[in-house]
Every structure is written in structure tokens, then in C-alpha cells.
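My questions all concern the structure below.
A, B, C and D label the chains in the order they appear, each numbered from 1.
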Amino acid sequence: MMKIEGLIAATFGAFHEDGSLNLSPIPDLVEKLIKDGVAGVFICGTNGEGPNLTVEERMTVAEAYVKAVNKRVLVLVHVGHPSIAESKKLAAHAASIGADAISAVAAFYFKPGSVQNLVNCMAEIASAAPSLPFYYYHVPALTGVGMDMIDFLRLSEGVIPNLAGIKYTAVTIFEYQACLNYKNGRYNILYGYDEMLLSALAVGAGGAIGSTYTFAAPLYLKVMALFREGKQEAAQQLQLKLVEMVRCLLKYSPIPAQKAIMEMLGYTLGPCRLPLVSLTKQEAAALKVSLQEVGF
Amino acid sequence: MMKIEGLIAATFGAFHEDGSLNLSPIPDLVEKLIKDGVAGVFICGTNGEGPNLTVEERMTVAEAYVKAVNKRVLVLVHVGHPSIAESKKLAAHAASIGADAISAVAAFYFKPGSVQNLVNCMAEIASAAPSLPFYYYHVPALTGVGMDMIDFLRLSEGVIPNLAGIKYTAVTIFEYQACLNYKNGRYNILYGYDEMLLSALAVGAGGAIGSTYTFAAPLYLKVMALFREGKQEAAQQLQLKLVEMVRCLLKYSPIPAQKAIMEMLGYTLGPCRLPLVSLTKQEAAALKVSLQEVGF
Amino acid sequence: MMKIEGLIAATFGAFHEDGSLNLSPIPDLVEKLIKDGVAGVFICGTNGEGPNLTVEERMTVAEAYVKAVNKRVLVLVHVGHPSIAESKKLAAHAASIGADAISAVAAFYFKPGSVQNLVNCMAEIASAAPSLPFYYYHVPALTGVGMDMIDFLRLSEGVIPNLAGIKYTAVTIFEYQACLNYKNGRYNILYGYDEMLLSALAVGAGGAIGSTYTFAAPLYLKVMALFREGKQEAAQQLQLKLVEMVRCLLKYSPIPAQKAIMEMLGYTLGPCRLPLVSLTKQEAAALKVSLQEVGF
Amino acid sequence: MMKIEGLIAATFGAFHEDGSLNLSPIPDLVEKLIKDGVAGVFICGTNGEGPNLTVEERMTVAEAYVKAVNKRVLVLVHVGHPSIAESKKLAAHAASIGADAISAVAAFYFKPGSVQNLVNCMAEIASAAPSLPFYYYHVPALTGVGMDMIDFLRLSEGVIPNLAGIKYTAVTIFEYQACLNYKNGRYNILYGYDEMLLSALAVGAGGAIGSTYTFAAPLYLKVMALFREGKQEAAQQLQLKLVEMVRCLLKYSPIPAQKAIMEMLGYTLGPCRLPLVSLTKQEAAALKVSLQEVGF
């Protein structure tokens, strides 16, 4: 089964000023990410505003990424949706266009009421793309679904044959560590909070998925290198700088704030879709100042 | 603007055993509801498993209801979706097929962060069906979006020209009463907790939308009649019986439990879709016994 | 067992400017309340800032009220505390000074994990004052303990011999109605949200406990009278006015806001204790204006 | 200001079978902890069932620990209480008996509504023991008070002169790292989740407070040593074993489960007080088996 090492960038949605989908920034963005050293992209997830897109738009975005990436790095397609029927369509489509893996959050209107129910839901989605590795996207802060992940792995056995692992976006590092080591590390547990990457490395993380890897991957890769070289203090200092960057974002709505950063870097991704709201020019300027204050 | 009086039945989804959509029970169900005296149907909402359906399926269900109802009562189509773009498609479709009104929950992955943001989201949806009355579907227990509804009405002025009112599914009756009386009763505030109907009547409710009106409308209409005749004690006794019925349901997952009741009444609506799970035969039998114990 | 009808005023704490306890306003306040027609006082509860007082201070306040009331109306003493051992001291003290009943919230640091556990906790407290009627104070919004109250009544049988009923401070009127009717109305279920009094009356409430009865009892008694005379519309109009008053309070921290109202009425109760913070003069003035706008 | 390095054991309450306080196990327990290499004890906190004790009992326990420890390691006394007036009594008492530091959770009935309000509350408590270092005990999972801790440190300046740092019991390691580095490490930020100790070390933690240090300190000290020697993999392996131990506890109510472990080790601390409930003999036996399965 797939075992991703390194960083996967959870990319942002791109829209024209009128809110319609804009595919044109994708090729440049992909080149930048490959140059930055990422192992892959995670698309149509939270940061990609997947839930704000129609199913057709999600498919269009997936096609654009698969084409732009052209097998040089991995393309993981998020297919989570409140309707499992829609998820299955997205999953089958991802397989048909040559994506490398799929991932899904738990249904988030009607919510799974038990780990077994969650497993059954994910099994149904994963079955629509049996040839692709499947990652459960665990993000309780957004879905409100906070099940025990060891129980999830245990109950998935035999039920989700293509389960590759978990996109683990939660701060409970001790459970994360337990998942990493479940059945001698059989599953690929990718860590999802960029601002805690060093802590995840400390307990054995090999890979991570996150939004800030879209614009700051080289710094995080440096954290990983320093950690592996045993340079703990230098790793801490660099991670601290990244924490301070993330704390700047958190003063605003994080996704629009990060799109403002992309704009600063020359990547015009356009507005967000409601209920997300782009930063005002004043907010973007203030964000720039506060980022400079912490060394960016 | 529309001012609905009486009861609107929030109907249930119907599926074949394999989980595919089953439209065949709709005509009979509609006849029953009209005979029961409801003022309309609310479709593809929570009880209708709208979030479990694809957009195409939701459109198909809406068409089937509009056709079966054939203008004899009202058809309200729920168009809420995490993607406002999908909601707009559903809204425009509802208008095109001759539905009487639309309604939408707040987006529930990315959630509105302020009342103004919520108003802006609803305005965008409502604008896709400008000829139809629009009802905001306030259901904080499911969406996690619990804004002040008076502020919502106030900020909607001029922004949602076709705002007819609110499907108010919350237990905060005092706010409900304030909404009923906002601007001398300008808006149609339909109450959403069947088990508290008498309390809503006491503060002035004229209409209500709820799932149990699909199978028990005549009893609730009797509560309304008794209340209006000033027979408080008799109204209380009957409402109490209905509370006891609802408490039986709440021992189970409420939507599957109610579909089991429909089955007892001869309406075979089939299984639920994941993450909802149908009652087992044992559970359905136990539910039947407990309903009989409280007089049904 | 005790069966309170009418309104119980949940009185406010009184402090000197330096934050020390001030007993001097109690006699005048008691006279006002008796003149206003309340059936009793509920002291050292939420509104009385009981949790902000030391155990000794709570005893002192209880003594002052028992003395000032002098058996003319009922004195209910709140004895809830995170430490059941402290609660038992307060309960025994209340019995020793001639209070009429005691009441306790669930422990709120370590929280009961099941209805049975909650019953066992309350049984231990109630056993320290076996001669006094005991009311469980159900207030999930503050304690985070939201158990099924019918289960509570059922499991209390034989375990809390002096259980008189529940101070039911929750908006779930349907459960409230079920409790009122449990075992043919065996228990005294006092409703706790003043702004929903009419809705509670509609399902059979006979008594209520609340903070705004400290300054607006005559209006609420009028609501009760109108309801009983079958004058539904007039009752609604008056309840609406009271809802609008409460909505004014809710723009501020409710307890300090109500103490500002008491000040307007000539009852100087002094500041609140941290973490509560008194309204500023500007806030108090703005509150006064907004109250006048809704007819007070 | 105080800068604690190493591990502080958050000790458990000890009671006779009838629930009354039992001081007799304290001296032996203290000897064990000193032998185990802890830097101090944290008493009457969450694990010490502080909130279940009366104020007098808390003072008695504090005196017993100060006496037993006799200045060989540090004694930190938790003085948090919903009543700040009671907290101040506990703080002054701790100073009078020669404790080394005090700590307090946020008030947890009425809860601070802003960081400034929280600072003002803590300032009032800390002012009652001005000679003692004060640690804010940040434990949002229990108090429901989840403020930004950098803002807390910033607003405390000049307001809490004896602020030594924070007992940081939250999983948000990135904020923890920011606190560690605030003003060049001016404050002593002690980490509070034992099962994430290695992750905290990775971002620079020097000290920690936790319950499992009462019975497993030598293993955690070994984690710390391995980390400092750069033996990352060995540190991970040992931390993993400790995570598995903690996961065994979390199947039960954690405090009673840990008291059962103390019993296995020969330290009879008696039952818990309600609402906490001791493990049954069967549960304790099952816990023992599951601990053995993970190597204890």
C-alpha cells in the first residue's frame, strides 16, 4: 500500500473575480510546488474549498491538477461530501482520470454515530475507487466527528481493502503516535497541523499534508532535515518561526489569509466563495506587516 | 408575501432496498397527507434525507412531489447544501418546476461567521429563485450555526427581497415569539419542533413544519383546534400524548424510527442511506410496543 | 411533599463597593418581593452569585433571608457546589436555620457521567437535610450536565426520599411537560426561563423560579392571570413585552444588567464579583434607554 | 522567578473507605516520589480531587504534603475554586505554611468572558500570596475556558507580578511552543499531557506536571534523557509504551483508574468521592491485564 513520505501541499481554490472557477493558475502553481520539493498535492479539500464547489467543478479541478502534475508528484483528490452518493461519483472520477489516491472526511450533516458506522460510510466511498489508495480525512474540528482512530483502523480491516491510512488533522499527538505504530506501522498516517509538524516528527511522522506547504514547503522541509540530523535546537527555532507565521494567519479567517499570502507571492487565486470572505486590502496589508515582524 | 398557516409535513426519503431512489411511494403518501389536512409538504430537508441525495436526485424528488401534489397544497423545496453553487442550481430548478417556496439551511462545512455573512449566503441562494418565497431554515442543533434570528430578519431587509420567513427549528421559544412579532408580524415564522407545538401556539404560532406531521397531523390539528377553542387542559393532554410519542422515537435514531412508523402504517419507504441506519426488526418491534404503551 | 405554585424570585447578591458581602439591602428587598406577590425567594443560586461566595458567606446570606422573610413566604436555599462535602454542610445549615427547601446544581468540575451517578450525587446532598424538600436544579447551559430528567425522576425513587421536584432551567419544554406529568404530577417542576413562562403555562406549569421575578413579578403574575382567564392574546402581548425586556438584558452580561435594573428601581446591590463585571455607567444608561424603548 | 525543570507529580486524593480524608498515605507516597526523581508535587488539583474537597480539607492536605516533603522537592498547591474569595483563602494559607508555589484554574461556574477578565481573576487570586510564584492552570477540556495563552501572558504583565508561568494542559503544542518562547523564555510553561511529553520536549519543554508521574516518573525521566542524548528512536519507543499505558486508562474514568494502579503498586489511596466512582474489582482486574499486555 502507498506510504507517502514528505510534504503534500493542500492547495487553494482559484476563482475569477465573479466567483466562477479559474483553472488558469493551476499549472504555474504546480511548477512552483514541484520546485519547492513537495511530494504531492491534496486537492478539493478544506483549503481547496472543495465543499464550496459543485461536483462538476470538483471534477474539473481534479482533471486540471492531474494534467498539470503529469505524474511528477502525487495527486490526492478529496472526495468527501455529505452525500455518500456524490462522494462515490467523485471517487470513481478520480480513478478514471489517473489520480494517485483519494481521501474523504466523514459526512457532516448527518454524522456517523459510531466508529463502525464511520467505517461503513468510508467503505462505501472507498469501494467506488477500489484501485486507489484511500485515506480517511480525520478533522474533528471541522466535521464534529471525533472518533477513536485506533478503533477506526481496527474495524476497517477487511472492510476497506484499499485503506492506505489517515490524513490526521487533530492535535491529539498521542493518538497520532499510536496510529503510526498500529500493526507495526502498517498504515500511512499523514499529519495535518503544519504548526505542530516538529512534534509529529518527534513521535515518528514521516509525511504530512497541509495548507501552508503550498507557500512555505522549503522551510518545513528544512525542519524535517534538521530534525533528522539531530539538530534539535535549530529545528525548534525554525518551527517556532513557522508557528509565529501561523499565529498571524489565525487572527484572520485562515483560508482567505493564506490566499492573501499567495497573492503576495505573485499567485493570484482570486476571491473565496461564501461563506468564506476574502481579506480586505487593509487586512491583507496588516497581515503582510505582521508576517514581516516575525521574519517573513 | 406568503403566510403559511397550519401544518407542513416534512416528508421522508424513499429508497429501494439497494439504496437507490424510489419515487413510487410519493403519490400515495401525498394523498394521505392531503386527506390528513396538511397545508403542504417540505421535501428534501433533514427528514427527507436531502443531504444524503445527489443534486440530481433532489431535483427528481422535487419533480415527483410537484406532480403528485398538483397544486392542491404547497410544496416547499429544501435547497440547502454546503456549496452555495449547488444550492442555486436547486433553487432555480425548484422555480422552474412550479414549486411554491424554497428553504435552505446555513452552509455547514464552512459555517457563516456572523449574521451578516449568513444573510449574504442566503441572499445568494434566494436570488437564484427570485419569484419564489424564501424561508431560512434555522436548525442550530444540526448545522451548528446559531445566530440571533431578529438580527437576521433586520439585516435581511433589502438584501433578500423574497424572504418570506424562517423555518424555526430551535427550542428558544422566546426568540421565536420575538420573530413572530418583528415588524408587526411581517414574516412567516414556522415552528419546527412538533413536540413543542402547543408552546409555540401559546406565543402566537400560526404554522409549523415537522416530520411527525407526516403520520400524526390529525392529532396536531386537534391540538390547534382545542387551543383556539380555549380548551387548554384538553390541548395539554393531547400534546402530552404527542410528547410521549416523540420520546419513544428519541430512544432511537429519530429519522429511521419514524420511517419504521410509516411502515407500520402501510407506507414502505425502504431503508435509510448511510450514515443513517434503519432500525432492526427487533428495534422496530420494540418501538411499536412502546408506542402502544403511550396510547398509539 | 411541597408543591409550590406561583413565582419564586431568584434574588441577586449584594456587595459593598470593596466586594465584601452587604446584608443591609436584604430586608427592604424582601418587603418589596412580598408586596409584589412572590411565593418565595431562591437564594445563593446563579443570580445570587452563590458560586462566587464562600461557604460561610452563603450561610450568612441564608440566615439574613430567613430572618427577613420570617415565614411569610418560602425561602429556598441553593446548596450546589463542586464539592459535595461543602454542599452537605450548606444543606444541614439551611435545615438548622429554618429554610423551607434546598436545591442543588450538579457538580460542575467533575461532572456526573450518567443519570444514576447524578442521582447518587443528589442523594448524598439531600440526605444532609432529610427534613427539607429537595429540588434538583437542572441548568445544563451553565453546568454542562444535560441528563434526561424523566430518567432522573425514575431513578430517584427510593434513593432521594425528600425529592420534591426540579428547578427546570432549560428550553426543552417538551421534556418539561413530560416531567410535570410524570406519575400523575407527583413532582413539583418549577420552570426556570422567565422569558418562556407563557409557553410553560401552556403545557401545565404551576410555578416558576427566575431572576426577573425580582423586579417584574407583577407583570408575570398578570401573564399567569390572563392565561388562566383564557385571554390568550392579552397574555401573549404581555409576555412579548417581557421577552423584549429580557432581550435587552441579553445584550449585556445578564446578572450585572439585572443588578443595574435593581439600581434604577432604587435597590443598590453594589458590584458583582469576578468573573462577573458590573455594567459601566454608559452601559447602564444605554440599557435604560433600550428598556424604555420596549415600554419599561 | 521560579523555573521548574523536570517532572512534577500531580498526586491523587486519599480517602478512608467512608469517604473521609486520609492523610496517612502521604508520607510514604512522598518518599516514593522523591526516590523516583520528581522535582515536586502538585496537590489538590484535578487528580488530587481538589474540587471534591472542602476548603478546610484542602488546607489539611497541603499541610500534610509540606510537612512530608520537608523542602526536599517543591510543593505546588492548587487553589482554584469557582469562588475567588475561597481561592484567596487557599492561596494565603499556602503561603503561610511554606508551600513553594500556587496555581489556579479559571473559575468554572461563571466563566471568564475575555482574556482581560481571566487576567483580572488570576491577579486577584495571586495577590493573596504575593510572595509565592503563581502558575495559571490552563485546562480548557475541564473548565471550558480556552483563551489565547500568549494574550494571557501579555496582558498579565504588571497585573500579576508574581506570575511564574502556566501549567499548560492542552494539546495545542504550537501555542505551547509560542508560550515557551514568549519574551525569550521569560515564563515557566509546564506541560500537562503526559502522553504527549516527547512532543513537548521536541518544541523545547523543560518541565511538566502530570498525574502519571506519580507512578511512572522514572520511565518519563528516561524519555527526557534519551531525547537529550539525541536518541530519537529510543525516546519514541518508550513514549509509545507510555501512550499505550495511558490509552488503557482512558477506557475507564482516568482518575479512578490511576488510583487502581496505585493500589497495584501497594499504595492504598481508598475510594474516590462522587461524582467520581472507583473502578469495580472486575474493572481493576481488566485494567491490570490490559496494562500487562502493553508491557507493564
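General remarks:
In this text, contacts are C-beta pairs under 8 Å (C-beta built on N, C-alpha and C of every residue); 3 or more make two chains touch, one makes a residue touch a chain.
The model shown is predicted, which means the values in this text are computed figures rather than measured ones.
The chain with its CA mean position farthest from that of chain C is A. Taking each chain's centre as the mean of its C-alpha atoms, chain A lies 35 Å from chain B.
Spacing of chain A relative to chain C, judged by their CA centroids, is 49 angstrom. Residue positions of chain A with contacts to 2 or more other chains are absent.
If each chain is drawn as a node and touching chains are joined, the picture is one closed loop, every chain linked to exactly two others.
Contact between chains, using the touch rule, shows up for A-B, A-D, B-C, C-D. Interface residues of chain D, counted against chain C in their complex, comprise 46, 49, 51-55, 57, 82-86, 89, 106-113, 117-118, 120-121, 124, 142-144, 253, 273-277. Within the complex formed with chain C, the residues of chain B that make contact are 150, 171-175, 177-178, 181, 193, 195-196, 198-204, 227, 230, 232, 235-236, 239-240, 243-244, 246-247.
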